[in-house]
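Structures are listed in the sections that come next.
Shared between the two complexes below is chain A, which has chain B as its partner in the first and chain C in the second.
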Partner chain A sequence: MTASVLQATDMPTRRAVLPKWLAGIAILLPALAFLFTFLVLPSIILLSYSVLTQSESGDISLPLTLSSYQRLVSGPAYRHVVMTTLRVSVLTSLFASLLAYPLAMAIAYGKPLFSRITMILVVLPMVVSVVVRTYGWQLVLGNSNTGVLNWLLQLIGFGPAPVKVMFTEWAIVIASVHVFLPLMVLPLAASLGRINPSLNEAARMLGAPAWRAFLRITLPLSVPGLLAGLTIVFSLTAASYVTPQMVGGNRGLMLGVLLEQQINTSFDWPMAAAIASVMVAIALGANVGVEWLVGRRAAARLRRSRAR
Partner chain B sequence: MAGSGTATDLALSGLTKVYGTNTAVAGVTLRIGAGEMVALLGPSGCGKTTTLRMIAGLVEPTEGDVLIGGFRVTRIPVHRRNIGMLFQNYALFPHMSVAENVAFGLQMRGLAKAEIRPKVEAALSLVRLGDYADRLPSALSGGQQQRVALARAIVIEPNLLLLDEPLGALDRNLRENMQVEIRQIQKRLGITAVLVTHDQEEALTMADRVVIMRGGKLEQVGTPEQIYSRPASRFVASFIGTSNFLRGNVAGYGGGMLRVSLAAGGQVLVPWPDDGRREVLISVRPEAVALAPLAEGAMPEIGVPATVQQVVYRGQTTHVHMQLADGEPFVAFLPNRVGESAGQSFAAGDKVSASWSPQSNWLVSDA
Partner chain C sequence: MAARLSGGGGALTYFLAAAGLIFIVSPLVVVVALSFSEASIATYPPVGFTTAWYQRVIVDDEFRQAFLTSVTLALASTVASFVLGLPAAYALNRWEVPGARTIETILLSPFILPILITGLALLQFMALLRMRDALTNLFIGHVLITLPYLVRTVTASLKQVDRSLEEAALTLGASPWRVFWRVTAPQITPGIAAGCLFAFMVSFDDFPISFWLSNAENMPLPIYLQNSMTKVFDPSIATMSSFTIMTGILAVIGLEKLVGLRRAMSV
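Right, the complex of A and B next:
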């Protein structure tokens, strides 16, 4: 003790070149500059485009107007696209969560080897490009008899080309569930893994069949992971472009594809900017909404806990 | 609560669990009377927890049967066995209030709300937590949490109460209080109970009978007094409390006593029938031993010569650690009286004669 104290005081005192707070900012500066130049600035420009007017010649300038947003909300065709986007995103995150529970439980509760293999199988598709995977779905879901699904169904005896899934919302939902499933499974498995296994045993001993123990104990306690997964999958589906572009067709038109059309076909930059802003708002809204839900739950628990 | 069903007995018959090539439990046969509390005691890996989990239905036996009240429940799933269980980590549902935790088992039995409320209140007041019904488990101390778990386990009026190291996470004083409290409630309700523990004191304090397990088998079954004063083997004698072991040869028999000459020199009398064995292992509890100074080269008439190595003052007792002529250790716990330490007259290097009454000798198997 004494020796080390002596040593410490004997050390030559070295004055810091920069005060601590300034050094911190200096370290952060490159990243901040990068984010400002390539995220904040473009976002501001985008937002401002969405409320500016485009002249006949294509120049974008004042006066300020909300007409792009107005068209997006009130135009039946545009509103349809917004609703399709929301519907596909909700369905995708719901179906993904249904498929993800068994997988996440296999990862969280399985024997080490089985658990690791399941994990690898879940994550492996992420190594392949979205474009390639979506081409795969084009082959599977094709509406003609050459589509793998239709070919199989016909083999079993459902008549020629029984399902017309390709170029509908359902094609987007199916392909998106596949693409985003790992992002639902991973937070869910982490959440399930943190639940004390004795809780399930205690519920079983108290008379709960396996399914009731799941509904009353495992499910509510895995809600943090579930909400994280739902938020991620919902936001990414709502913002996706490749999948709806390749398997959605005109009946499954989503905001991402509409945005691309506005820029490359209609050359309507303010409209494109408005669509982009709405897409960001949807993603933000989902995140903020979930945060609020979680916060309210925690607060309610705390209130109850201090009730007496 | 008071009329919590009729007490049921528990029988294990040839209960066996094999994991791959490893036999965790090997043919355990045991009968536990109605209203009795039995402690399964042993070092980690002895199979006590696996045995408990097979009784609970959480682990499926490889062979053998579990009978509760004469009914074979081996193939009955966990949730239909009507068994209460206390876990080491309490296993309270963190998202439910204390009252909701206790009500859970009753809800699973399909009771109406109006029936559940008074039962929950009665169970909580039994564990003196009536004022905590609306708290979340996380707002309670460890001892309170385990009392909630106890209320939750007994409110379903179980045929059997299983306790899996329930007090391991509590500090010493609280643990002793909880041992007494759980024991009182178990006795009052007359529930048959099985306690798993590696804490010998806990087993001796709480249980009517103690089962010593070793390597998946029953080593000895008996009352705490039998286990302590009549250990069957060297293993039991050294696992429960401290014991000295002396090797010797039977030199004669007379007056109901074996005369044993010890490998370390000296001799002792052992009240034991002459069952023909010649080489014996004697177990002697350290608190039975008295010490007397011994002249250099002398041999005690009855007892064993030893050399003092260390004298440790321990408050109630003084521990005198010695070495015998054959190199084996030997220890005596001498009681201290106020103002007079028992070990004062001995110092390291002293030659002493250690002796004890013949009744303190007990022959154990060398395993």
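Right, the complex of A and C next:
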């Protein structure tokens, strides 16, 4: 309807010099050309290195080989890093979602002042550099008594330095939850805000206790926001560098750090490119996979409602 | 929206949310508190109260240079993203462009691709082209990460515009150009300003792009900070970090004033 009105009014008055779709392409061209030149093309070149061979002098050329991938899959050290990355990413997105629910509920349903304060404090870390936030966690989680957490625990009577999480996977999980929490809270709050309040009221009026109304109505209807949040947090954690580098140490080696080591320490570009390919595959896989799941869920619901 | 958290469940939600807020602010508070410590090493507990670190950091040439580099980069990349992103998003949302969905996916692809890899790919590409000017390379890299924010914000703002106003203006004989400037633009300006501010902060805070593309002469603030953390162990690191936290606070106030945080974040 809209398009036809626009065209009908447009044609007699202004004789278009270009057909509209062509003008559209023309106006899109600068942005597309920029992205193609500096993102798509460089990424393809980099990822193609993963199947090429690096000579002694460092030149990268034919023959084609899968040896970098082979090493990545069969070397126990490399496989360990892949597993650590996946484990940390899964744990981070799970903990972030648990922490995000009450915050998102407070934003969507809380008293105006509390909702506003929550919103401000959730967004604030998003505009503070990851380096600074992770530095904060270095201070909080420090393994000796000069770490904030250990200092506080000692003050209230736990022995000297009871918490030793720094330079473990758990330190990465804690700091990553903090870094990516806003990206879980915001889609969740948006999802919760779209739920029709009368559904909840009806459930309560018909005698459902609050927890039941939450489990049967609020929770299922917030799944789109939850899935969006889980996808973003999972793929960004799997691709992160700063946090694992600063708080992970050798026991929390993740793909991003391994990639950087291949470039700056081993100068092994094909290996770095293979790691990059795995990271891109994880990110794309998470995004495409969830989209597919959501599509299937919607289709299933449509079938069910037709069957009724 | 009316408050709908009540009873025991409501109290529990407030309690858990408050605990979550403490988790969110604690690493930031810890940094700011340390920046006033009189001790000569950056450990807890802080000792006494002094503004000496601030006085020292504020005249530190390297810190000022890094801050300036970051602000310049952020400004330039936001402007460039605006110039590239606004027309693109407008064409996608208002004109019948073939393959609009695919084009939108491409425009937003920097969101999905790991930024660390985007930066590395660009580094290698620039080396192949023999482009050795770090500032130019940084600029291009930062446009890559700010552009999708502009495209997304402009799209979101355009979707909120009442289309019937645009159609009415067209029917009454206004040219499409005039319709854009007199009807569409005033309605999308606050949203786009908020988007620009957010894009500015994305560039200002970036680490993974600058990590690959910066050099000793052109070092944005986050890179400079991370470098310093491995060499300097006094509270001046906390002080420099506090400056970036304050910049973040200013940005949040700006977003809240422009369109309100909830609209800026589409919540």
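Just so we're on the same page, the second predicted complex is superposed on the first by the 293 of 308 C-alpha atoms of A that agree within 3 Å, B and C clash if a C-alpha of one lies under 4 Å from a C-alpha of the other, contacts with A are read in each partner's own complex, and residues count from 1 in each chain.
Throughout what follows, contacts are C-beta pairs under 8 Å (C-beta built on N, C-alpha and C of every residue); 3 or more make two chains touch, one makes a residue touch a chain.
These figures come from a predicted structure and were not determined experimentally.
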A:Trp21 touches, of chain B and chain C: first, second, both or neither? second
Partner chain(s) touched by A:Pro63 [first = chain B, second = chain C, both, neither]: neither
Partner chain in contact with A:Ala202 - chain B first, chain C second, else both or neither: first
Which partner, chain B or chain C, touches more chain A residues: C
Partner chain(s) touched by A:Pro76 [first = chain B, second = chain C, both, neither]: neither
Partner chain in contact with A:Gly159 - chain B first, chain C second, else both or neither: neither
Which of chain B and chain C A:Leu221 touches, first, second, both or neither: first
Chain B and chain C footprints on chain A, overlapping residues: 210
Footprint of chain A on chain C - complex, ascending: 1-5, 7-10, 12-14, 16-17, 19-21, 23-28, 30-31, 34, 42-45, 84-85, 87-88, 90-92, 95-98, 103, 106-107, 109-110, 112-118, 120-122, 124-125, 128, 140-141, 143-144, 147, 151, 163, 167, 170-171, 173, 175-176, 198, 201, 204-208, 211, 221-222, 225-226, 229, 237-238, 241, 244-245, 247-249, 251-252, 255-256, 261-262, 265-267
Residue numbers on chain B that touch chain A, as the complex places them: 56, 58, 77-85, 87, 89, 91-95, 97, 104-105, 108-109, 131-132, 134-136, 138-139, 149, 152, 156
Contact set on chain A toward chain C in their complex: 2-3, 5-6, 9-10, 13-14, 20-21, 23-25, 27-28, 30-32, 34-36, 38-43, 45-47, 99-103, 105-112, 114, 116-133, 135-137, 139-140, 142, 146-148, 151, 175, 178, 181, 186, 189-190, 193, 197, 200, 210-211, 214, 235, 238-242, 246, 256, 259-260, 263, 269, 272, 276, 279-280, 283-284, 287
Parts of chain A lying in touch with chain B, wherever the complex brings them together: 196, 198-199, 201-210, 212-213, 216-217, 220-221, 301, 304-308
